[in-house]
Structure formats: structure tokens, C-alpha cells
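Same chain, two partners: chain A is paired with chain B first, then with chain C.
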Partner chain A sequence: MSRAVTLASSLSWVAFLVTLPLWMNDLYFLHVLIITGIFIVAAMSLNLLLGYTGQLSLGHVAFFGIGAYVSSLVSLGFEIHVWGETTVSLEPKPVWLAMLVAVMFAGLCGFMIGKISFKVRGAYFVIVSVSFAEVTRLVALNWLELTQGPMALNNIPYLKLGIPGVGQIDFIGKLPNYYLVLGVAILTYVIIRRLVRSRAGRAMIALRENEPLATSVGIDVTRFLVLATVVSAGLAGLAGAVYAHYVRIVDPDVFLFIYTVTMVIMVVTGGKGTLAGPIVGGLIFGILPEVLRGFEVMPEIQWVVYGVLMILIVYFLPEGIVPALRDAWRRWAGRSGTPPARPTVVVEAQP
Partner chain B sequence: MDQFLQHALNAMILGGTYALLGIGLTLIFGIMRVVNFTHGELYAFGAYMMYMWVMLIGANFMVSIVLAIALGVALGAVIEIVLLRRLRGADIDTTMLVMIGAWIAMQNIEQLAWSGVAKSINSPFPSAPLVMGAISVSWTRLFVFAVAVVLIAATNVLIQRTRLGKAMRATFQDREAAALMGVRIDTVHTATFALGSGLAAAAGALLGPVFVVYPTIGDLASLKAFAIVILGGLGSIPGATIGGFILAFMEELGAGYISSGYRDAMGFLLIILILLFKPTGLFARKERIG
Partner chain C sequence: MTALDTSTAPAAAAAPGAPALVVTGLSIRFGGLTAVEDMTFEVNEGEVLSLIGPNGAGKTSAFNAITGYIQAASGSIVYRGAPLLGLKPNQIAAHGVVRTFQKTSVFNGLPVLDNVLVGLHLRARQHPLAIILGLPGVKRDEARLREAAWDILTLVGLDGRAHETAASLPYGELRLLEVAIALAAEPTLLLLDEPVSGMNPSETGAFMALLGRIRARGVTVLLVEHDMKMVMGVSDRVVCLNQGRIIADGPPAAIQRDPQVIRAYLGERYVRARG
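Up next, the complex of A and B:
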């Protein structure tokens, strides 16, 4: 019965989001929703690492930016000099292929970062990821021949998809992109949900809870951490690719650290390690800047507010909004069979 | 060859301040198990305090350095007491999130207070450099190096020779045992964070007059401090000292012989090399999974 309730509520949410543009016909609001949706995808991918494996990727924007740059470059084509007279060039490719390449390239970067930094853990992964993001920004800024540096990549083509029976859809403008982002977000949600509820997902949660114990029962810790990093990086790359073909201009500022912070705040506020957490947090911090802008708040003050909020949430709502609401709901509803939204793990002992 | 000597000399001088940054961060991590993301902001704070005293108030240059360091120590103590004391015993990720929040808030307060325009600080030293054969060095940089060396030595004396230093070393080895022996852990933590912050502020106050001061200088300072500390092994003071010099050499030579645009990428390269070949750092004493 509870499964039916969950399914019904998911379907009504999707129906609400699908019909939203029909009765909320405001282009600016639609734009805010698109950007928020892209950030929610990125935050969901970060949650896979931060929430389910307990590894804080503080350079997550690097994968997002790599996705944006790779997808743009593959769809625009490029020619670079590698060594003396030797040049490497690429003819412009269709956008869907470019996005696929972007996802795979971001995943590959995640693989390498994971391989290097999961020899050690905790603080080291954080520091390696944050340095990696800084280096990608420097490369985007300095490799003028490839990235145009601060002049930015312009005129990035938009996505065209030929769907049998419907014909070709041009993803240009707000409405088609809204549905594209919605589709990508649902896809991401489903991928992450399937992953964390699989054997691999249970292994990740087990090693988040107690690594020595997880190792002792034969879980190959590094393998699962690297797997999570690859999936997470690939999804962040997908978000970046969607972003690039929506705004159609990409400059090195996509690598700014402040975007990583935004994603972290979204995940931590919503509730890390819950499927709904990044969505709730993403909606709050996607819409909040627009509300603050209404009051003509300076961006610096907005960031001070974000920083202070983050500290307050760690002190007073350490689990995030979604688990807190769930607990409150359970207390209110008694024990009438609400299943735990996140797989509980038998491992309780602390090292 | 002359060019190489010039780069090496620059690296020595930069390395002194990098070592200060690294020692501060490694002390805080080793003793408190806190990954201190506000470290770079303390560096920026030191630089801005220097700007305030020298350029706005017109205080004496030497006095200003002392004041900037003292204010850094005070700010560090406040951060520890207000933000970190209640998190004692919390896991490392929780404190990390709080420190990230503090970092964002501090950096943007700096931006509000001083605006985004870069500030320069005048130094009282003659602008003509000291020329030794084919290489030359400015008097300001020489002075910066001398002060950095004095501060590194003073920190070592503090850790190795004083009662407080003894308490810090005891806490580093085993917090519970130290507490049982009557070491006041709260005091040790506040003192450690204040000392580490003071060293970061000192680095900022010293490098402020050499470069220019702007609100986001702290980000790179943090990243460099992390690279230095990973290189030397978390918690190791000699490691952080030598790590500071190694990073400075790599940056100077990388900027001189490869490309100046990638100067700041050297720290990351260093982290990767270390993690590939000697993940415990060059001088680590303990295991480092934490």
C-alpha cells in the first residue's frame, strides 16, 4: 500500500512539474527554474559522493565545467597545435554526440581523480578535488587556442533531436529547455536511486558508516568509491553540457569555487544521503537568490548569508531538512507504516 | 645559470612565507583534527590589517606587522571559541562544513569592507634592489625573508621549549591521555588555533607589501597551504617548513621555464606526485587516514 502511495506522490509531482509552464507562463521564472534544475542535477550527483559514500568532493564544479567545455568544443569543433607542426583538429559534431562525449570525459576525469586520491581519504580527497577544480579553471583561462580563455566560447549550437513520429525538436528558448532539464533531472534521479538501492549502493553506505567493518566483510572499498566518483562526475558533466547548450556561451567562470559551495549547501541543507534532499535544497537555494534580488540585496551579502546559514544548519539541523521533516512526520503519524526513505544499514558501531 | 640563481633566490624568499602558512595549517590539523578552510582568509586578514595600519592610519611599518599578527591571533581565538569549541568530538566532515561556511562568510565580508579593488602597501625600504653580481633582490623581500625565518624559529622554540608547547605536543600524541594528565584541552585548542591563525596573518602581512591585496587572495593561499601540508605530511612541522620551500621552488622554476600562467597549478601537480609516489608525505609520523 505504501508503495502505491509513494508511486502516486511521485507521479503527481512529475505531473505538476510537466504542466507547470502551462499555467506559469512567465519566461523569467522559467529561466530561473531551468538554471535551478541544472543545479539540482549537479547537486544530486554531488549527493551520491557526499551523502552515500561520505566523501566531500569540493571540486565538483570541475566536472560540471568540463562537461560544459567538452560538449561545447566537440559541437563547435577545434584545431590545436600540440607539438611543433602537428595539429589536432575536430570537425563539428552533432550536439547529442557532443553531450555524450562530455559525460564520458567527465566520468574519465572522475575515474582518475578517484584512483589518485582514494589511496588516502577524508581530508585528502577534499583537498585533491578542490585543487583539481582550480587547475581546470587555470587551464580554461590559459589555453587560449582551445578555450578562447576569458573571451569565452560563443555561438554554441543548441540541441536538435529527431524523434521518430514527432519529427525534429529544436531545444532553443525556454520552454523546450525546461522539458529537457526536467527529463535530465528525472533520469539522474532514477540512475542514482537505482544505484544506491543496488548491491553497490549498499556497499557504499556500509563503508560510509564503518569503513574498517565494511572492509572486513570483504567490500572492496576503493573500487566502490571510484565507481561512485565516476557516476557522480559523469552526471555533473551532463548537467554542465545541458547548461552549455542552453546559455550557449561558456567562459572560465563556470569553474568558480562558489558554484561548488552552492551545490554543497543545497545537499547539506536538503539532507545528504536522502534522494529528495538535493531537490529540496536545490529549490530553496535556486529560488532564494531571486527573492533576495527582489529586496535588492548585494551579492556579497547573499554569500555571507549562505555561509552563515551553512554553519547554522550544521549546528541545528545536522541531518538536513528532509530527514528532519520525515522524523517530525513519523512522530505525528505514529508508527503507521511509513517506510524509511533511505536504506538503513545494520552497521552501527563507531570505530 | 644566472637566471637559475635568480629563480632560486626568489624561491628561497617566497618559501619562507609559504612555510609560515604551512606550519600554521599543519599545527591546527595535527592537534585539533580540523581541516581549516579559513586559513587563507586569515592570510587575507593579515594583509588587509597591514594595509589598514600602514596606508590608512599611517602607523610605523614594523609596528604594523606586529599589530597585524596580534589581530590575526585574536581573530583565530575568537573563531575557535565561537565556532569550533562546541564541535569538539564531532567528526571531521562536520567541522569541515562549518569551516567552509566561515570561509565564504569571511571572504565576502572582506569584499564588502574593502571593495574588490586591489590595494597596494608601501614599504619603507629603498626601491633600488640589492645587486649581487648578475642577480638582484629587493630590500623588502629580504626583510620579509628575515622576519619569516625569525617567526619559524620562534614557533619551534614555542613548541619544543615552553610548557604550552609541551601541552600541545601531548595533545597531538593522545588527547585523552593528555586530558587525564591535567592538560586543559580547551586552552590548548584555542592556543593552537590562535597560533596557526597568527602565522597565516603574518604570512599575509609580510607578502601584502610585496604583491597587492585583494579579497580572494585567501583562496590561493589556502590551496597552497594544503599542498604544502600534504607534501610534508599532516601534522609535521619540519615537513611543512621544507614543503613550503619545495612548493616555492616548483612555482618559481615552473613559472620561469614552463609558463607563468600555470604557476599556481604547481601546487596541484605536487599533490598528485606526492599521492602517487609517497602518499604519507615526506615526514609523516602517524598514519594519515582520518
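Up next, the complex of A and C:
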């Protein structure tokens, strides 16, 4: 029963989100949804690290920003002086290729950070990740020849995809980008879901729960932490690339610490270590400021409400919204019968 | 010693009675303190060997050195011809040497079945790319692993608890779950660190029966235990440690009569009183 319910609810959610622009004509709200969606993708990728392996990456925005910059630079082309008269230059490449390079490059950065910093755990990992994000921001700010520094990269081309039989789709404006973000979010969700329900995901969860025991049954700690960082960084890079080709201007502010904090808030309030957590948290804290603005409250009050709500959630639902709802559902469902001892199709009790 | 097959396949079981684990001249130091001094013993294929000794004798230190959790100062540890010294715990597990912990150690937040699934890690055949692409082989492998997990839960008698969270189990069942997790890693040598400490007599009895079933599967067992009834009941051979040194090695009946062992446990006066 549970599996059918889960499938039905997922499908109705997707159907709701796909048809949303058809009956919601507010372009501004569509923009809010796109930005929220991009943040949710980044939050989902952070959740893989924070929620499943238990490592707090407080520099996660670095991968997002790297994705944005790499994708922009590859699609715009660049020429830089390396040594004297020697220059390295790149002709503009198609946007889809640029996005692919961005994902790979962010993943590669994740690999290196993972290799270096998983020798050190806990607080040290937090410090390494924060430092990394700060370094990338300073590079983006000061390497004028490559990044234009504070002048920002402008006129970033939009994504064009030629689909056989349909023709070319230009991802310019709100509506196409809304569907692009929706597609990327679903892809991210599916990848993370597959990962955490496999040998690899169990290894990550085992490390979070009890590292000595995990190694005693043969789990190579570092290998799976690095795998989690690579996938997480790659997906954050994808979110950054989508962002860059949607807003079409990228400046060093994409590396600001506040964005990492926003992602952490989304993951923690929604429920870290659950698949739906970052989506629920992301929707609440992505849309809330705009809803408050709609009520025309003062900006100060908006942020007070935002902060108070966050504190209330963390205080009363320390595990997050999704686990709290799941427990409530189990208590309610648990009254109507006990599960079979050894079912032929094993029921998965995940949202 | 014969050079045995070093492959990790559990099927490469050697003849019963041949030395499986050979510990030679093992010394372990923590700063200036010598926890284990020049320890030499063998565990033969298919036997249950108990390591006993008073608190602080170095039993757990020896365990930790064999399974790679601490580094030995000197000596050698060879399992089925493969040197284990310097390997990481997970590499040692891949050689078929798997341990449990003195302090109850399970994955508290996970359901019982998932605890065992984690233990099956080494048996899983899933490449990360195949997982991300959702290839059908991964799904088949998962189904196979679940079957194996259920079989192990049935073996230890926890199949009725499969969907409960580990943290909600009573103490005796937690200790069974620990063994289930270790068994999932398909050990050919299982090291149990005080598995029945804190159990009541009926739980201990059930555990001894389980040990018999594990043994029947051809798993060699190295046991550290204080419960003498259990040690004398299940062991083929007993090695007694005192202050980091081996003071006796033999069948249980001989160990019980050994004056050195009695001295270590009960003191000099008791030996003289008996003598």
C-alpha cells in the first residue's frame, strides 16, 4: 500500500508543478519559483553531505558559484595571459556543453576538497569548506582578466536545445526556465534517491551513525565520503549553471556566505537526511519572504518573521518538518494494524 | 606454515585444524605503558579460541591490533598467509576478519534490517555510476541483499524485529544484532569482544546456541569473555593473558587447573592454599 501511496503522491506533485504556469499567470511569482527551485536543487545536494554523511559543508555555495562561473566562461569564451606573451584562450562553446563542463569542474573541485579535508572531520571540515568558499570568492573578485571581478560577467547566452522532432527550444524568459529548473530538480531528486537507497548511500549513512562499526564490516570511509562530495558538488554546480544562464549575469556575490546559510536552513528545517526535507524547507524559506512582501509588511518585519519561524521550527521540530510529519503518519497508521513479518515485496517506509 | 591462498573469497576455506590466524611477537604500547608484550598464539581453522585474563591484561588491545584499530609496536599478524599489520580495518574485513565491539555498537537510528544491510556492504556488487543511472542490475542486487539480510536475521532469531529501529531493542537483542551485522560481512574469522557481558543466564544460553550455529557454518571464532561458564562451555582452546603476557595456552580443562591462571585470577595465597 505504502509504495502505491508514495508513487501517487509523487505523481500528483509533479502534475501540479507541471501545470502550475497554465493557471498561474503571475510572471513575478514564476520568477520566485525558479529561484526557489534553483536553491532547492542546491539544498538537495547539500543534504547528501549534511544529512546522509553527517558532514557540515559550510562552503557549499563555492560549488554553486564555480558552476555558475565555469558555465558562463565556457559559453562566453575567454582569453587570459598566463606567462608573458603566452595566452590561453577559449572560443565560445554551446551552452549545453558549458553546463556539462561546469558540472564536471564542480565535481572535480568536490573531489579535491573531499580528498584533502576528509582526513579531518567535524569542525575541521567546516573550517576547510568555509575557507574554500572564501578563496573562490576572492579569486572571482580579483582575477579581473578572467571574471571581470566586480564588473560581473554580462550577456551570458541562454540555453538552446535542439530536440529531434520538436525543433529548437530557447530557454529564455520565465516559462521555459521554469520547466528547465523543474526538470533539473526532478533529475537531482532521482539521482540522490537512487544513491541513498543503494550500497553507497547505506555506507554514507553508516558513517554518520557509527564510523568504527562501519569500517569493521569493510566500508572504506574515505571513498564514500569523497563520492558524496563529488556528487554533491556536481549537482550544486549544475544548480549554479542553470542560475547563470537564467539571470544571465554573474558577479562574485554568488559566493556569499549567506547563500550557504540559506541552504543549511532549508535542509535543517525541512529535515536533514530525508529526501523530501530540502524541498519542503526550500519551498517555505524560498517563498516566505515573497509572500510577506505581498502583504506589504516592512522589510525589517519580514526578516523578523523569517527568523522567528526558523527558531520555532528548530525548537519544536528539532529533526525537521518531514520526519515530524512522518512520525505522526506512522502513529496514525500504526493503529490500524501491524506490518507483515516477512513481506515478499519489502515495503520501504520513506516519504 | 604453508602459504595459503590470499584471496578474499570466503570459499577459500582451508583444512580444519590448520593455523588460520598466526600472531607472532606482538607488542602494543601506549606511550610508556606496555599493554601487550611479545604475544604469540595461533587460531586454527574452524576452532573456537577464547582469550581470557583479568581486566587490563591486554585482551581488547590485542583485538584492536588484529583488526587494525590500533597500530602494534612490533610483531606480526598473519591471516591465511596475508599479513594484516598496517592494513586499515576495512581492508582487514575484506580478508574475512570481522569483529564486534566490547561496548554495544549498532547503527542506532536505522531499522534492524538496514543494520544488517549495511553489514552486507562487501557482498554488494553496485558501481556508483550504475547506481546513479539506475541500471536494473542494481535493483536485482538489492533484492539479493535483502534476501541475505533476512536469512541472517533468521539465523540470529531477530527476523520478528526486522522493521523496528535498532535503538528500541532490549539489551540482549542488541548484542544479537551486533553479531548479525558482523556475520553479514561474511567473516571466516569472527572476533567477539565480551559478547555476553551483562546478559542474564538464559540470554547467555541462547547466545551459546547461536555460537554453535555460527561454528557449524565453518566460521573460526576468537572470543574474549569473562563469563567462565561460557568460555569453558564453547571453547576448543583457551589462551590466558596476564599483564600483557601469555601465561597459559591449552584446552579448557587444563586451563582451569593451571596454577599460573589461578594465581593471576585469585592471587598467590589461593595457589598455596590449594597446593
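Definition applied: the second predicted complex is superposed on the first by the 312 of 351 C-alpha atoms of A that agree within 3 Å, B and C clash if a C-alpha of one lies under 4 Å from a C-alpha of the other, contacts with A are read in each partner's own complex, and residues count from 1 in each chain.
Basically, contacts are C-beta pairs under 8 Å (C-beta built on N, C-alpha and C of every residue); 3 or more make two chains touch, one makes a residue touch a chain.
Predicted model only: the values in this text are computed from it and were never measured.
**Student:** Specify the partner with more touching residues on chain A, choosing between chain B and chain C.
**Tutor:** B
**Student:** Which partner does A:Ile284 contact after superposing on A: first (chain B), second (chain C), both, neither?
**Tutor:** In the superposition, A:Ile284 touches no partner, neither chain B nor chain C.
**Student:** For A:Ala324, is the partner it touches chain B (first), chain C (second), both, or none of the two (neither)?
**Tutor:** A:Ala324 contacts neither chain B nor chain C.
**Student:** For A:Ile172, is the partner it touches chain B (first), chain C (second), both, or none of the two (neither)?
**Tutor:** A:Ile172: touches no partner chain.
**Student:** I'd like to know which partner A:Tyr124 touches here: chain B for first, chain C for second, both or neither.
**Tutor:** In the superposed model, A:Tyr124 contacts chain B only, not chain C.
**Student:** In the overlay, answer first, second, both or neither for which of chain B and chain C A:Leu20 touches.
**Tutor:** neither
**Student:** Check the residue A:Val135 against both partner chains and state whether it touches chain B (first), chain C (second), both, or neither.
**Tutor:** Touch partner of A:Val135: chain B, not chain C.
**Student:** With both complexes superposed on chain A, which partner does A:Val217 reach: first (chain B), second (chain C), both or neither?
**Tutor:** In the superposed model, A:Val217 contacts chain C only, not chain B.
**Student:** Hey, which residues of chain B end up touching chain A in the complex?
**Tutor:** Residues of chain B touching chain A: 29, 35, 83, 86, 92-94, 96-98, 100-109, 111-112, 219-220, 223, 226-227, 230, 234, 259, 261-262, 264-265, 267-268, 271-272, 275-276, 279, 288-290.
**Student:** Going by the contact rule at the top, pick out the chain A residues touching chain B in the complex.
**Tutor:** Result: residues 54, 56, 58, 116-117, 119-124, 126-128, 130-132, 134-135, 138-139, 141-142, 257-258, 261, 264, 268, 298, 300-301, 303-304, 306-311, 314-315, 318 of chain A touch chain B.
**Student:** Show which residues of chain C lie in contact with chain A when the two form their complex.
**Tutor:** 67, 69, 88-90, 93-94, 98-101, 105-111, 113-114, 117-119, 121-122, 124, 126, 128, 131-132, 134, 138, 141-142, 145-146, 150, 159-160, 162-163, 181-182, 184-185
**Student:** Can you check the complex and tell me which residues of chain A touch chain C?
**Tutor:** Residues 190-191, 194-195, 197-200, 202-203, 205-206, 209-210, 212-221, 227, 231, 339, 341-342, 346, 349.
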